[in-house]
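Everything on this sheet refers to the single structure shown next.
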Amino acid sequence: MSFADFLSLGPLITLCAAAVVAMLLVAAWRNHRIVYSFSLIAFGMAMAAVIPAIKYIPHPVPPLLVIDEFSLFNSGLILVSGFIILLLSFNYFEEREERKEEYYILLLLATIGALVLVVSRHFMSLFLGLEILSISLYGLIAYLRARERSDEAGIKYLMLAALSSAFLLFGMALVYAFTGHMDFPGIGAALREAGYLPVSVMAGFGLMLIGVGFKLGIVPFHMWAPDIYEGAPLPVAAFIATVSKGAMLVLLIRFYQDIHGNDYPMLWWIVAIIAVASMFAGNWLALTQQNIKRILAYSSIAHMGYILVAFLSGVQTGLEALAFYLVAYFITSIGAFGVVIVMSSSLQDAETIADYRGLFWRYPWVATVFTAMLLSLAGIPLTAGFIGKFYVVLAGVDGHQWFLLFMLVINSVIGLYYYIRLVAAMFAVPAKGQQTTVVPALPMAGNITLGILTILLIGLGVYPTAMMALIQQMMRILV
Amino acid sequence: MFPALIPLIPFISALLLMAGWKRFSRIGVTVTGCGSIGLAAVIAIIIAMQFSANGEQAIVQHAGNWLEAGGFKTGFDFRMDALSVVFVLVITIVGFLIHVYASGYMHDEPDYARFFACMNLFVGAMLTLVMADNLLLLYLGWEGVGLCSYLLIGFWYKDPANGYAARKAFIVTRVGDTAMAIALFMLFQYTGTLSIPGILENSTHVWSVNDGMITVIALLLLGGAVGKSAQLPLQIWLPDAMAGPTPVSALIHAATMVTAGVYLIARTHTLFELAPAAQTITAVIGAVTLILAGFSALVQTDIKRVLAYSTVSQIGYMFLALGCGAWSAAVFHFVTHAFFKALLFMAAGAIIVALHHEQDMFKMGGLKNRLRGVYWVFLIGCASLAAIPFVTAGFYSKDQIIWLSWSAAGGHVGLWLAALLGALLTGMYTFRMFFLVFYGEEKTKVHHQPGNSMMIPLYILAVLSTVAGFIELPHTMGHVTLFSNWLQPVLPAVSVLHESLAMEWTSQALSALLALSGIGLAYAWVVKHPKGMSDFLEMPAIMWLRGYWSRGWDFDELYNVLLVRPFVYLSRINRRDLIDTLYTGLGAFMEWCHNVLARTQSGLLRWYILSVVLGAVAILSVLIWRIYL
Amino acid sequence: MIVHPTTAGMLLAGVLFVLGLISILVRRDIIFMLLSVEIMLNAAGLAFVVASSHWGTADGQVMFIFILAMAAAEVSVGLALILQLYHQLKTLDSDEAAKMNG
Amino acid sequence: MILLVLILVLFGAALLSWVAGVKSHAASRWIALCSLLVNLGIITGIWLEHTHSNSRWWYQFRMDWVPHFGISLHLAMDGLSMLMLALTFFLGALAVLISWKEIQNRVGFFHFNLLFVLCGITGVFLTMDLFLFYFFWEMMLIPMYFLIGIWGHEHREYAANKFFLFTQAGGLLMLLAILGLYFVHKANTNVYTFNYFELLNTPMTPFMERWLMLGFLIAFLVKLPAVPFHTWLPDAHTEAPTAGSVVLAGLLLKTGAYGILRFVLPLFPIAAADIAPVAMLLGVAGILYGGMLAYAQTDLKRLIAYTSVSHMGFVLLGAFAFNEIAYQGVVMQMITHGISTGALFIIAGALYERIHTRNLRQMGGLWLRLPMMGSAAMIFVMASLGLPGLGNFVAEFLVLLGSWQASHVFTILATIGLVVATAYSLRIMQKVFFGPCDRQYAMPDLNGRELVIIIALVIVICWLGFHPQPVLNTSQNIDYVIR
């Protein structure tokens, strides 16, 4: 392993080491605050480790991994997201009775899995990353084991994830059986050589899509999402909504590019149908839903559909749009979950709309943040979500995907309804007498985190140029 | 002197009264209200004299630009020529008298200032109408008149019936206005201007006689005219307009509003001359209206409604004259009609007040000795209306129309017969009213005598109703043509086809005879044989006919069935907006989709697994299907 | 009919996979469902081994070892969760674990 | 630069009045009022300076924003923008004034939203960058949503949602069209830009032009609103607080009309000409259908709301008549409708404050108690039915005069709309102020503040009626698309 390899894999190595140390630490000295601080430092170091890696890009680590702008950017994104989720976790778990320390180990591991996914270019590393991520998530989802719903969610996730892994594996085996390669460029080359797509490979791709689709939570593999979001601890739900989905999406793009997916219109059609179905299913399911966690789950299904539109546009702008949308979506989702985390008490998560009725008059700051996040999800100007949606539509128009865009427009309107419903609930004027309830102060750390997210959100919404330039640079290598 | 001052003064006074309604004392209001009209009258007289002295050179004053856009340009241009001078004089003088009368009539009214403000506005709008040099300004006056009629008819706003009558007046006349507006668009399109002299001048270049387009335009203008002048088929608003205070009725019927249509047609006579078909239709409308209204007047019980129908009928005469091309005859009848109709209305008002707001003629009677002054002026008015030969103004003006309806170029023997029938009817209904009110037994006590402020205008009008006729005498009686000479620069002389003194004599004799026999019939009917008459009237067929006539030939009902009720019904069933159900339906559909999908989220693990498997099957089968087929 | 050994092996793997799939669909007991998933995973592993032998490379076999390891981890976590769930629900019927829906 | 100042003043004042509102309600109100008056002053100054200028564009301001996409902060002002802005600030100031007593809770936030809407509207009227236009277009929705949703009447949430969904749906279609145009332009010139001036005269296939035009048009028709996209409007107007109704009717609807004049016609002249008969038909349908619905209503504000549908039909009719007279009429109609309908809403609001109902069946005979308000209502009712001498007449007459050149049938139908207008307008007077007075209300007539508002409106509407020339001169310099 050369020094360059070492530096390039810096973030990954840092986190791996941190995970091990954390385990030892917990064994030696059980203290929530200490483990928490240690994890923060670990994330900080991993983020710092991204910077020296920049010098060496693109740096393939054959045959399993590749470090290039794309993976590094997404690694950074995942690390930052993980870091923010970590920030939000402390108070959430502090208030709860279970042992808290292992949570951080699992979170570190899950992040490692996600990082492996973004840098992998080989079935083996893909599988490894995916399973590290999944198995950590089983633990994370069922972490609050005294709660029935947490367990139920854990079991459901485990069963479905294992099932989808089986599909993924079988699909990979089929592809491997025909091409004789497990690294993406090799597969691509072999297929190009063959000049056509034999049925077994086609079936293999189809089965792999199930594995990918499950992680992304797109129709018809979306059904787990609301239950898991509802049952899992809130920071974990935020993690699933962002890091887990994002990493898988990055992998999908890389795979698709490497096997020249645009050459096979059949794949395009299948993904297009899935995209449209996801948009409709997500939005329709959220329409009159009363549970905020489930609304966020459904909305994320729809958002994956939007992202797929950018993915399907088949133009360079599409990938840029996808990356930008992903950034916006990360900020927004974590922000939204952050609000729910901040609002939740030790007794109960604040998950029904009723909990938010008149929030603006009790916690103007939190309500404003939540409003900003929801409007960003809805794609209203001044927020990152607006620029993201704009970018996606731009890409779609560029690729002449008028039908998909039309579906997107219809769905945006449907989606608007439930976002707005939430906003309306927060601004509803409380009935007389209801206002007298004591308003407890909210944790400082949570508020500050939310503040940072909001600033990012508005910043990207008003001045997206810098981020766009960055994304444009990063995407260049994929063409 | 600036002609623009004439309409401006009433406007300013109206504004003052409106703005300062709380600060004015009652006397202040009277002085401002009546004074402004009086002042306008004085200025009008001065300008008329100047005008006359200058050899009838039209005076045009450009009081400012109004609007100019994309080749369309119009301004506040006021014109004084022979025609407008006649109208302005009548409006201001009669208007002034009515105002003076109103100061007595409305003495106990709490909303005194508002009343005078509206009255002044009314006169101002009418003056604008007749002095406008372009059709847009005329339209301003035209609509302004409509507004004021609305305000004044519904003056006693607490009674919903008054409000209904007011709205009816406004809406029905607005229907006519719509036609007129379209005529304006067309005139602008073809002549490129809305200035009246410009249109009249260009029209002869643009169109030839009988051109289809000019016929349409003329008919549309006629539509506007029949709306304002309460002619068939838009006559229905006028009888209901009685809801307003009596001075308002006098103003509407004599000086303002209803004569606007006559003015419009006279003003745009060149267009009508280019469209003989439209002119004929005008004449026919006039003839039919005058007869229908005459029959209706015959069976009314409300004194003001008799007068209202008589106005419709008399304006029918004017339209008849216009249709025959007898322009100056129409205007002449307008002048005399203004005098005697104002007189009749105000006298009727005096009676009504004296009888404690009783309007039913069958509850009056025997007032001859109780209200001596009113009796005499009312008699003069009735005589003039019924056109009693030689001594009344109405005789000379109406007689001219009857004669010309046959002899003029546009005349026809049918029109002439209709006019003669009208003369008979006029005599009958006028004197039926007169006898019912003043003869027979006294049914209601007179509780106070009208004051001077009310009586003096009546005396003046009584004089005018008598002498005004002498400025225009027929060939057969001295052939004085002061009036038509005066109008000569604006309105061309009528072209007479059958110029025969003998015929003219016959016609005059016949009409006079008919009028007198009408009076005789009325006398027999009301005074001599009330018993036999009432037996005759009780016959079922006659009863039905009476009801039919008194309802104005059921035009109201016709419009109700054809237009009003369908509109109200449609708008009522559609109150919730049918189109909205489209969207609420869409929303319901979305909700339905939600419910269906929400059922799939059953929480059952195997259900979720099934979904994954089905997805897998679907993807695979699509792929394989694509490859093998 | 002579079937190519690779094809035969892949078919076998396929049959195994489908068997696992069917059994996960028909079972309600969570433990059996877990077992069925394991069958499917092993079917995939088998396919890798077959493919690997077809190409004469070791990649597929390495993959199989990974699968084994992962299956073991999954089963251990899975059983722990099932135990926890059994504590709460007193049953292993997966249909009982349906508190969250809608 | 001055253009940016106009926007920033409002934006700054919005934030400031929110902050100030926490401590003192009055401060919040005064800040809002002053900022609007300052802007009104600036606009008046600009107008006076340019009364005789023949130059097309008075001010331009350009700054890169997202150069990556060719998006710039590009503002420009011509006569049309100027007139719309004058209306915006005038009505905005009145909206603050009428809320002085009506809005008593969350005052700071109210003024924040109000100013923010106005800020968005100002942006819409000024921007010459299509992206920025869309940005402002969407930006004004949220605060409007809050204005309706927080300070509205009973069904405020439903109304606010409906308003939001409708306008968003239209807006997204417009976004598609904007981007379509962007790429068509790129395909032709290889330049990525959202610049309005560069996008003008982009050559494209008729097919493309039609669809892009429809994208814009539908967004504007929803906002206008034209039948059959109008159903959000009655709900929104009815439920909004008075200031909200005034801003909605007076300004928000105008952005739709403005969009048609500024974007649909110049960008897609051929396709617009093709669709003109349909658009005119919708205009006429709006005039008649809206009038009929207005006649049937029993809720005063709802009635007035439907009159807006009717009046904006004239805008649509005139805009697609393709001649200058009609365009001038459209611009006039935009202004006069803002004034007259705004005034009617203000009166309805003042009535609501006094008798706490909007139901016409519970009113009647109020003239007795409220003669001044009645007179004011009479003036604006007359304006609404198009009485000559008041601004609306000039507007409607010019529109009809112009549209007559384009289509006789539609013009005749629209003119019939004037009769319908008479019917519903007079119904207002009859049901509210005339008729018997069943109940003994003891209430004050207009107070000083209300009197100031009403008098200002009356002066403007009469001024526009008798001397509309300054407005017409100003709106003359626009490059209308004449067929």
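To keep things simple, chains are lettered A, B, C and D as they appear, and every chain counts its residues starting from 1.
The working rule: a residue touches a chain if its C-beta (ideal position, glycine included) is under 8 Å from a C-beta of that chain, and two chains touch if they have at least 3 such contacts.
Keep in mind that this is a model prediction, so the values were computed, not measured.
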Partner chains that chain A and chain B have in common: C, D
Higher-contact pair (C-beta pairs counted), A-C versus A-D: A-C
Chain whose averaged C-alpha position falls nearest the assembly-wide average: D
Per Cα centroids, the chain farthest from chain D: C
Inter-chain centre distance, chain A versus chain C - centres from mean C-alpha coordinates, in Å: 26
Rounded Å distance between chain A and chain D, as computed from the means of their C-alpha atoms: 43
Cα-centroid distance, chain B relative to chain C, in whole angstrom: 95
Chain centre separation in whole Å, for chain D relative to chain B (CA means): 38
Multi-chain contact residues (two or more partners), chain D: none
Residues of chain A touching at least two other chains: 155-156, 159, 163, 167, 226-227, 289, 417
Per-residue overlap in chain C, given as positions that touch at least 2 other chains: 24, 30, 33, 94, 97-102
In contact (per the touch rule at the top): chain pairs: A-B, A-C, A-D, B-C, B-D
Residue numbers on chain C that touch chain A, as the complex places them: 6, 10, 13, 17, 20, 24, 30, 33-34, 37, 40-41, 43-45, 47-48, 50-52, 54-55, 57, 59-60, 62-63, 66-67, 70, 73-74, 77-78, 81-82, 84-85, 88-89, 94, 97-102
Chain D-facing residues of chain B, complex: 18, 21, 64-72, 114, 136, 139-140, 142-144, 147, 150-151, 154, 157-160, 163, 166-167, 170-171, 174-175, 177-178, 181-182, 184-186, 188-189, 567-568, 570-572, 574-575, 577, 579-580, 582-583
Residues of chain B defined as touching chain A within the complex: 590-591, 593-594, 597-598, 600-601, 603, 605, 607-609, 611-612, 614-616, 618-620, 622-624, 626-628
Of chain A, residues touching chain C in the complex: 123-124, 127-128, 131, 134-135, 138-139, 142, 145, 148-149, 151-156, 158-159, 162-163, 165-167, 169-170, 172-174, 176-177, 180, 182, 200, 226-227, 230-231, 289, 291, 294
Chain A-touching residues of chain D, taken from the complex the two chains share: 65-69, 105-106, 131, 134-136, 138-139, 141-142, 145-146, 149-150, 157, 160-161, 164-165, 168-169, 172-173, 175-176, 179-180, 182-183
